[in-house]
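Each of the next two complexes has chain A plus one more chain, namely chain B in the first and chain C in the second.
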Partner chain A sequence: MSSETQKILSTDGIPLEESLKKAEKKNKIKAFLLVTPLLLFLIITYIVPIADMFSRSIDDKMVTNMLPKTFKAMEQWDGKELPSEEVFEAFYLDYKILVKNKTAGKLQTQLNYEKNGFKSVLKKLARKQKKFEEGNYKEQIMKVHKRWRNVEYWRAIKRRAPAYTYSKYLKGVDMYSNEDGKIVQVAEDRRIHRILWSRTLEVAFFVTLFCFLMAYPIAHLLATLPMKYSNLLMICVLLPFWTSLLVRTASWMILLQQQGIVNDFFVWIGLVTDDNRPEMMYNKTGTYVAMTQILLPFMVLPLYSVMKTISPSLMRAGKSLGATPAVAFFKVYFPLTIPGIGAGCLLVFILAIGYYITPALVGGASGTLISNQIAYHMKSTLDWSFASAMGLMLLTGVLVIYWIYNKLVGVDNIKLG
Partner chain B sequence: MALPKYTQPHYRIWHYFYLFVCGCVFFFLIAPLFVIFPLSFNAEEFLVFTDGMKRLDPDAFSTRWYKDMVYGTKNPWGLAAKNSFIIAIFATIGSIILGTLAALGLSSRHMPYKGLIMATLISPMIVPLIISGVAIFFFMAKVGLAATHLGIILAHIILGTPFVVITVTATLSGFDHSITRAASSLGSNPFNTFMKITLPLILPGVISGGLFAFVTSFDEVVVVLFLAGLDNTTIPIQMWTGLREQLSPTILAVATCLIVLSVLILVTAELLRRRSERLRGINR
Partner chain C sequence: MSKKEDFVKFDKVDKSYDGKVLVVKDLNLDIEEGEFVTMLGPSGSGKTTCLMMLAGFETPTNGEIYLDKNPISNIPPHKRGIGMVFQNYALFPHMTVFENLAFPLRVRKISKEDIEKKVDKALSMVSLSEFGNRMPGQLSGGQQQRVAVARALVFDPSVVLMDEPLGALDKNLRESMQYEIKHIHESIGVTVVYVTHDQGEALTMSNRIAVFNDGKVQQLSSPDKLYEEPVNSFVAEFIGENNTFAGEISDISNGSCKVKLDQGEIIANPISVKSVGEKTTVSIRPERALINPKDKMDNNQKGKIEEVIYHGDHTRVRLNLLGNSEFILKVPNSSQNLDIKLGNEINIGWNSHDARALDPK
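Entry: the complex of A and B
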């Protein structure tokens, strides 16, 4: 027999292998087409904008566009001696346009970041430059203020030449690059962002810990009780889960206020005196208490779904082999619940690290987190590039945690109620 | 959970201690919600239990805050409720359509790059809301959809689809694909097969995913804070403003209504879950 007849053919005479491959490919395209609408939608409205945040965060075209002639003239300048007449002339021409368009203020602010005291020098120049005569600008500018003879100020301008900068990221960790281009820390009393980062991590860590300590016993109880009781108790977990975040925050604001029920209770049991009620809201305590209660269901549900699958006979077997209940628990039961613990902890940690609403309402000044700072820069100072930089730093942290989460339990294992 | 008779005393004590701890945690979870309810019927303007309320004096209670919520002067709640419902309903429909299609594709065993695509589709749930808010705001501002209903609806579709994708893929995991093949072999076209065979079977998953999407949209405040203009104010935005400026009992009246709504949603979700488990033949 020849080799051709050995191939199995389908009814229309095409080798079966080929026609199978064809069908497989068709199915692949079909499956992909089903996903495409959502994928495209998310990529356009979500993924690309997040990537766009990156270009926004390193964008520094403002000064570059303000002084185009100056930076062109400066290309030849080595930065050691005072620049040549050419640079002075270019700077004069650029600056004249800015003063005319009334945008010189922005440049003054930006260059003042680079070199302290630049603002007054530039303001003086703005006033005097109207009387300038044509030619020999170097002499005329240097006559306006003696600091124009100082090469440091020209270096400061040159540092702003690139259209991109990573200075916003440095600012996010309280650092900046100084006049010599070295990266140094800001003065000790101005290191606010590092405090916020560490506070965010601290709050997220402790909220996760508290959630774990509270969720473990009740998840165990829910998983071991007979169905008719556990269904009833499950409502206690699911009702807060489904209730609006703002409603729950509002109830904590009522409970924790100085004349609130928690304080009433403390006075009643004699823990504190009536005229000495502790402040429990608008500080870190408020943030901790409210966030723990709000995120607790996210810890209980994954723990519960794992514990539900653990057969009670395993504990009985352990005990019958001579283990005390405590030993049986730690050697048998606890290790089996570790996937649930991992899922719950990382879920709560990720949610806590990006929390915004609750800290903003009950946190006060000492309870605000990094998200509040991002929102502040988005809405109040309008420093969007800094907000983007901080957002991306936070996102990087979250993605690292998410990656660990994925390695440990897998994204597909997320369970909702 | 009765203990056997032979239990030693210190285990007995330990067991009751454990039950006590559990009781405390359940109390911690549920009690805050019940504080709102009586205080919303307060006749006074304070947010504390008055002496009259402690004595259960009927004069200390009133429904004035509910009246204020509905008929009050310069009342923001009517517009907010209307906007909230419009946005949430359209966002839910959008999430359900896009999410279900994607879930159908994802649960096909022919799907290439499954892990990567799943991670992308779920990302809005993982990325902190504040970052989503910033990114979506930049996008909507660029295309001119900031401060419009459509912009907020699209934003909420982004946030809502992961829930639909997750619940529907979970429902499809127990799905017997030979049923759809049987339908096709009997001459049904793919659309009919989907409408008559697949959809009824995965409907509980679709609806519970839709519920998640609805609640997400209805409760969402971070992204809306960036996107909303004066005409797009929603219930969460109004509550947020109210809570920041001053806690008035009217907010508690609204909160009570929201709690009632969440009870309804909880009941629906629970019934759906049971139905879905029965349909998929999972018996517990």
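Entry: the complex of A and C
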């Protein structure tokens, strides 16, 4: 049979496929127009910032643009011994312009990231370079500070030559590329980021676990109670949602501090002595308690929506077939709630992993998470590229978790309601 | 094997959910071993509550239920060994058909080979042998229903309860399933307690029917007796079609009575009336009243045809008779019924034995 005879024609003789496309075109355009606002909104508020973050995290053009002559002159330099007079001259000329334009401070900060103590060396040079004479810049610069004789400082400058860098990502996991260009770990006492990453994962895991343990019975009760009680309970679950996050966190501070209500109660019932009140805040305990409370509704709601659809006759059927209540629960009810468990855990875990305000307020030093470190670099050190890099690492981590989850449980099994 | 009488026994059972209203009042019911008993009644009549008490999901407020002479009120559902088919089948959606059927056997720790044998046997009983690996969601309503029946029977329970199992099926399927369940019951001889609000279903399937209303058993008897000899006006109304006349006893003697109506008087069979002056409702089945009867009948009245509805095998005729404009006749289609035309006056006759004088409504 030839393909021509297979083609089905509509009554007017146009191929059926074409006429179908024509008929549906209008609807497709309408549907597209309806989602356009959301699409634009997502692009502007989500895709663009992430793209910007990414480019910021690998962007190293600032230093590249500040020292154009130096990097050109350094192209020939092998980095083994001190660079030639040519490089010194180029650096002097570049730096002179920066000082004149009052932008030398940025370079000082950037190079200080690369090599500690570079800032003061550069500041001294900024003061002295005004009196420099023409010619033999190598001698003059080296005379300003003895560290200019140290080749490591020059290597530090050269490392910033490329317009793009992945050094921020290395820094995020406490690594750096050393003078020889090898990737090595930072000194053991300075590996703070890894502690923060593992603590973030640990906190997110346990918060998810606590939320699950508490939300499961609540959701079950919500789904099985008669309407008038379940509505009341639902309001209790949702009430925290309607209260400001800050207010809730602050009330935890009132409750948990050493002179707080919970401690007073413990003393009153004689659980602890007055001079031996446990610290429940400004450490991990505070973070756990407050985050679990705040994220609980995100676990309750998906669980509830799944449990609501499970017919009570299934448990009855299980029992009537001879299963004890416990067996009926684990063989019949529990497997049917897995989509809700998956959705709730994923939601809580992902929210917990990027949680910022609560750990910042009640976490103290041992309860801060990676997001607090990101905020610190955003606000205090102004190392935005490093903050962006860590933010992206966090995002990648979440995507990896999502991927693993998809492999294990299957995203189709998620039910958010 | 002799069949045990009162195998299942409800003894003075009361049930109340809120402490104010009794849903089931003083229920006494004996069910013989191997019997198919249907609890029939309108919704809210307490029939499902009775079933749930028997299954163990509700506790009687008062009284006791006996299974094979043993009181079972304190036995939890999973130890009663009663199979149950639920209204919406309640198949476990995350298990295959095979696993669903194996579930009651697995919790009883039966060996793997025995489980396979029993499940295969149960599946072939409902002619679903090929479907063991399907998920319940992939089956049609009728197939799911049969799986539910097989699951309730696979562990050889002594009693099987069925709670409106055919309610979700369409009419044709429902009828064929009625026969199928009936045949299964006959072949394995299990005791079945069946709940429905569909009287047709109850009449076709049951050995005995308990008609429920208002928390009480109104009548417990075989289908034919229930239809032919209802003991009160609720049963007469609820089962089948029924013509009624409300009136007052004017004379009563020798198993027959005269009932005075607003217009005229009829002779009836006194069932629940005893003395002159009592109010009564007289019930006559539509097929017991004849047009132009050949034999002499002790009730003869003239009625005017108000409506004729053709039903294929029979014609329904609505008459105005003795002030009752809702009097229905069922006339079998034959060439003789020529004067059934709108507006005609015809002679109607019936035997006083078929006109049952029951309690007033």
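Just so we're on the same page, the second predicted complex is superposed on the first by the 290 of 417 C-alpha atoms of A that agree within 3 Å, B and C clash if a C-alpha of one lies under 4 Å from a C-alpha of the other, contacts with A are read in each partner's own complex, and residues count from 1 in each chain.
Following the convention adopted for this analysis, contacts are C-beta pairs under 8 Å (C-beta built on N, C-alpha and C of every residue); 3 or more make two chains touch, one makes a residue touch a chain.
In this text the structure is predicted, and so the values were computed from the model without any measurement.
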{"item": "Chain A: partner with more touched residues, chain B or chain C", "value": "B"}
{"item": "Contacts of A:Thr396 with chain B and chain C, given as first, second, both or neither", "value": "neither"}
{"item": "Which of chain B and chain C A:Pro240 touches, first, second, both or neither", "value": "first"}
{"item": "Which superposed partner A:Ser313 touches (first chain B, second chain C, both, neither)", "value": "second"}
{"item": "Chain B versus chain C as contact partner of A:Pro325, first or second or both or neither", "value": "both"}
{"item": "Contacts of A:Ile353 with chain B and chain C, given as first, second, both or neither", "value": "first"}
{"item": "Touching partner for A:Asn65 - first (chain B), second (chain C), both, neither", "value": "neither"}
{"item": "A:Met253 touches, of chain B and chain C: first, second, both or neither?", "value": "first"}
{"item": "Set intersection of chain A contacts, chain C complex versus chain B complex", "value": "325"}
{"item": "Chain A residues touching chain B - in the complex, by the definition given at the top", "value": "24, 27-28, 30-39, 41-43, 45-50, 52-53, 56, 214-215, 217-218, 221, 224-225, 227, 233, 235-240, 242-255, 257, 259-261, 293, 296-297, 325, 350, 353-357, 360-361, 371, 374-375, 378-379, 384, 387-388, 391-392, 394-395, 398-399, 402, 406, 411-412, 414-417"}
{"item": "In the complex with chain C, residue positions of chain A that touch it", "value": "311, 313-314, 316-325, 327-328, 331-332, 335-336"}
{"item": "Residues of chain C touching chain A in the complex", "value": "55-57, 76-84, 86-88, 90-94, 103-104, 107-108, 151-152, 155, 161"}
{"item": "Contact set on chain B toward chain A in their complex", "value": "1, 11, 18-19, 21-22, 25-26, 28-30, 32-33, 35-36, 39, 47-49, 98-99, 101-102, 104-106, 108, 110-112, 115, 117-124, 126-139, 154-155, 157-158, 161, 163, 165-167, 169-170, 212, 215, 218-219, 221-222, 225-226, 236, 239-240, 243-244, 247, 251-252, 255, 258-259, 262-263, 265-266, 269-270, 273, 284"}
